[in-house]
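Two complexes, one shared chain (chain A), two partners (chain B, chain C).
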Partner chain A sequence: MYRGSYRQRHADLWPTNYKLGMWVWLLHRVTGVIIALYGIAHLLVISSSLLNSDGDLFEDIMKVFENRVLLGFELALIAVILFHTFNGLRVILFDLGIGIRAQKLLFWGLMAVAVILFAFAADALLPYIRGEARL
Partner chain B sequence: MATIERSSAPPPRGREEPAGAGPGLWSWLLQRISAVLIAFFLGVHMWILHIDKVGEKITIDRVADRLQSPWSIAVYAVLLAAVLYHSLNGILNISADFGLGARAHRALSWALLGVGVAGLGLGVATIVHLVRIFDGAAG
Partner chain C sequence: MAEPAKSSLKVFRFDPDRDREPHFDTFEVPQREGLTVLEALFDILETQDGSLAFRYACRGAVCGSCAMYINGAYRLACQTQVAAFSSGELTVGPMPHFPVIKDLAVDMTEFFRKYERIMPFLVAQSAPPEKERVQTPEAREAIDEMVDCILCGCCYSSCPTVWTDKEYLGPAALTKAYRFLADSRDEAAGERLSIVAGGDGIWRCHTIFNCAEACPKRINPTWSIQQLKRKSALRRLSSWLIRSST
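Showing the complex of A and B:
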């Protein structure tokens, strides 16, 4: 009954044996949590404008986000959001019964669209991240 | 296969423990509807704030100016509500997959609802504030 190593007995739980769909499912949840945390932080930052009416504090806080490292994180966040958006679109299409037999093709097709949109974002942001352009 | 751990506490009398403390039909449907709203309005948000204005500093005047038309106020109000619902309900769904018992699921639902109401209040207050200061500043 209990023959073989842990890895053999639990082959279906071993990460290197995950099928694409398992990774995508996991990544959808991980990206979802990241975006939820960003959303809360974003709401708190923007609502700081409530604290003074001339907007000086808000603009000081906005200056913090001109930091190149933070801009790099923002570009990474765009990748995270694009993955979650376009994989989410596949999930909705699946629920509607569209493309069920072509899941892999649909997934990679939607990821291709996400990559193209990411390229636009990278093109706009990279000069600022590299320090070649300044606000 | 791993078995799902359940709360050892008995469910309150008269309330059956659900088969799985997972999303119900309305939660599932609203999660999809909010997803589509966010995909669309977040695209609008990114376009008008960033893509169309690359290299421009974000100032309080720009933010307030953006909130002048009733349409953009509606867009941001819908985006705020949809993002809060989708993210907090998503956290609830993920937590349910870790095998929360019915009581813990209910407690987490109320806690997340509290976070959502607080976030909605803070967001609406911010939108109202930004609409007001533009009127005061530009006359």
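Showing the complex of A and C:
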């Protein structure tokens, strides 16, 4: 009997066969998870300021974040948030009936805005990441 | 005389009576002007391997029977020119995610069961007029795109929500749901919206647009689904407003 005996499950899961919408959807999911995990980490770090300790625990923790590698991660986080924000806007626009027939154009348009904003962030952060300026 | 140029077709094979796992067979087919993938499959069937199974009917892209996964995209075999692939090499497989009956023929039972769920027929509540329920050309134009759907299953096969939710109605059924809902002669809007707004309906669509990319008739099912979402949300909203004002 053939029923359910075989389904070709992976033929269209090869990434080179993905179209733009599929990549964007996957990236939206991944960036969403990254932002959620960052949110948890952020709350944990910030809430350390509430801990009673003899030394300046919070200040010491903040010092750690002056590390250049971590500042690099921070810039990456800005990219992640910008992508998620602007693609999120795209999805909201679809629900309002806007841009459904121009989803790719809408995506690239919104990403152009995101890239411009990212350029400002990079401009501000890069001197610190490169070690040319100190916090 | 020189041998005519040949195209090579790597064809998905699976015979549930004999095979535990599928494999690919490669066939050489003489190239000629206008040769479609469907005709190439016929060539194989007639001259090389009579056991090859595939589904077809109209050969003119209106019946939706020969949808396949060809060179990494959903296509109708009858509408796809072999010469369109300059490498002369084609990989032809059944539509992914459907159970394979044999070779390129897939079991579309689920697909049509879901199609039936959306009531794919016009519903009249009012008494019939003397002659006919007239539809103006403008009113017909509004549903032209959805009427064009030939139920080939490409969009359904390409939809990540279909892959993960067995009961999700899928882009084709929802496009047809909108086709009947938006038909000026139909009088069952409420019932239709209740069907599509259920847990397995429109709200599971994540606007990934794989369906729009897959459709060989260039229909955008996502557009229809978004219209249904809007109508459903407005209906819910207005019923709340009416309830809270009385």
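The rule is short, and it goes like this: the second predicted complex is superposed on the first by the 121 of 135 C-alpha atoms of A that agree within 3 Å, B and C clash if a C-alpha of one lies under 4 Å from a C-alpha of the other, contacts with A are read in each partner's own complex, and residues count from 1 in each chain.
Methods note: contacts are C-beta pairs under 8 Å (C-beta built on N, C-alpha and C of every residue); 3 or more make two chains touch, one makes a residue touch a chain.
This is a predicted model, so every value here is computed, not measured.
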- Query: Is A:Asp95 contacted by the first partner chain B, the second partner chain C, both or neither?
  - Reply: both
- Take the contacts of chain A with chain B and those with chain C, and give the residues found in both. 13, 95
- Mind listing the chain B positions that touch chain A in their complex? 2, 32, 35-36, 39, 42, 50-51, 54-61, 63-64, 80, 83-84, 87-88, 90-91, 94, 119, 122-123, 125-126, 129-130, 133, 136
- Message: Touching residues of chain C toward chain A in the complex: what are they?
- Response: 12, 14, 16, 21-22, 69, 72-74, 93-102, 107, 157-158, 160, 163, 206-210, 212-213, 220, 222-223, 226-227, 229-230
- Note on the structure: Within the complex, chain C is touched by chain A residues 1-14, 16-17, 19-22, 25, 91, 94-95, 97, 100-101, 103
- Item | chain B-touching residues of chain A, taken from the complex the two chains share | 13, 29, 32-33, 35-36, 39-40, 43-44, 46-47, 49-50, 53-55, 58-59, 62, 81, 85, 88-89, 92, 95, 120, 124, 133, 135
